[in-house]
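Starting off with a structure, shown below.
As written, the chains take the letters A, B, C and D, and residue 1 is the first residue of each chain.
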Amino acid sequence: MELSEETVVWRTRVRYAETDQMGVVHHANYPIWFEASRSEFCRKRGIDYGQIERDGMLLPVLELRVRYLQPAHYEDEVEVHTRVIEIRRSLLRIQYEVRLNETKLAEGETLQMLVSKATFKPVRFPPEIAALFLKTSEG
Amino acid sequence: MELSEETVVWRTRVRYAETDQMGVVHHANYPIWFEASRSEFCRKRGIDYGQIERDGMLLPVLELRVRYLQPAHYEDEVEVHTRVIEIRRSLLRIQYEVRLNETKLAEGETLQMLVSKATFKPVRFPPEIAALFLKTSEG
Amino acid sequence: MELSEETVVWRTRVRYAETDQMGVVHHANYPIWFEASRSEFCRKRGIDYGQIERDGMLLPVLELRVRYLQPAHYEDEVEVHTRVIEIRRSLLRIQYEVRLNETKLAEGETLQMLVSKATFKPVRFPPEIAALFLKTSEG
Amino acid sequence: MELSEETVVWRTRVRYAETDQMGVVHHANYPIWFEASRSEFCRKRGIDYGQIERDGMLLPVLELRVRYLQPAHYEDEVEVHTRVIEIRRSLLRIQYEVRLNETKLAEGETLQMLVSKATFKPVRFPPEIAALFLKTSEG
């Protein structure tokens, strides 16, 4: 399967509540930003995640990795660049980059699994949803 | 109805993530502590809030008030003292005090309403649950 | 002192992490939204809150009130309308309304005090900052 | 250097605010639990992290990894088992296991760097602090 090179960008301004007493953004906020950027990715691609849940499925995170390179500060307007790197059976792997202007602040990856809400057992991605995660701009 | 004078005490040690760049606990954590103390209150009184939800009801917060008197700091071992001050039809009013040793750090109040999960319409408290919220130690 | 009628509007899309198992936004997120909207208010009025902190002052919240009217849900694009209703000596009182389209979801108020970072003692608002909080569009 | 096999255990009861609309604990809470368990580790070993900060140093997280195996639920009383696996120059590597009774819910790892508060440049761990992170029960 040919994967899209395209990223979707989500922007946020750092909230005061996201800082800690180090004077920088607390590291546990990055997975929350990744998730918000992932939601934006879905919206941009026409994937209705809310509907996936209403259809009895969930997409929990199985694995999370973050590398923190530079701190983010209150009021910084950061960008999270998100791209799907793999979708296979019930698994979805996504990469993220957090940037402030041209500086990379952090990078990360999540592995998610589509599961049944009732049983938490894996469910294969419906082909039409897999296609939306993967489609290129030409597509 | 005669209300209990008794409070239930819940203890927590301030987490680093709960601080902000002022170097103190961010004020939005207090309602979370109130809620955790309320959960402890229910457990101590034999009220199974999880079961209330499984029975198709929810207990959302309608009103919240907090007065912040003194800041809390990383690693402080704070106490939240919780007592029910009113339960009537579908409404539950609870008061909280956050203390560090003998110092009062904050006080607050919540008003909650028992509602149907399906409709978000008010539901009267079942008398046996109301009695558990109100029971005194002698009771 | 004549107060501005004007509000500043801050928009956010509800993050998945902001929901709880009731399926709606957890109530402790509203004070975080109020704060983000307050930051936007400051930016729009030319008040540099970061600079206030670097100048050795802080603006902690002394009182918080929230009334929750309707729940907010994942992906809702909510607005927080913010207006200053009082600034006097070291005290700043602000009101908030959370709206989804034309529906009011919640309303709230904060009372803050300008204090010295070193001592947590009250400091009078410098007149030029007070003026920025209060200025009207005509001003 | 010989490393301790010993783990320190920190316990918490899942807060309602930690759940999300999947009905389980949101994955971004695990790094917060890791951190709280790390704080407990320090306390148990006689390492005063607050003092390290007051001495002009910080210990930010450079890398975070989490593997989620089973979901945690509201009111679960979970344990986080924490052990240092490496301390070298300015780097500290710690592993975590989240357990509910005998079931492993998640595992993770953090890499932290001791840095100067003023410059964010790396600082070697003072030998007496390194020794406390590493000491065995026999030691």
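FYI, a residue touches a chain if its C-beta (ideal position, glycine included) is under 8 Å from a C-beta of that chain, and two chains touch if they have at least 3 such contacts.
All values derive from a computational prediction rather than experimental measurement.
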Which of B-D and A-D has more C-beta contact pairs: A-D
Considering only mean CA positions as chain centres, point out the chain farthest from subunit C. D
Quick one: report the Å distance separating subunit A from subunit B, using the average Cα coordinate of each chain. 34
Subunit A to subunit D, mean C-alpha position gap in Å, rounds to 25
Distance from subunit D to subunit B - Cα centre to Cα centre, in angstrom: 29
Could you check subunit C for residues that touch two or more other chains and list them? 16-17, 21-22, 24, 28, 32, 35, 74
Show which residues of subunit C lie in contact with subunit A when the two form their complex. 13, 15-17, 32, 35-36, 39, 43, 49-50, 74-75
Please output the residues of subunit D touching subunit C within their complex, sorted ascending. 16-17, 19-24, 26, 28, 74
Touch list for subunit A against partner subunit D, complex: 21-22, 24, 27-29, 31-32, 35, 53, 58, 60-68, 71, 120
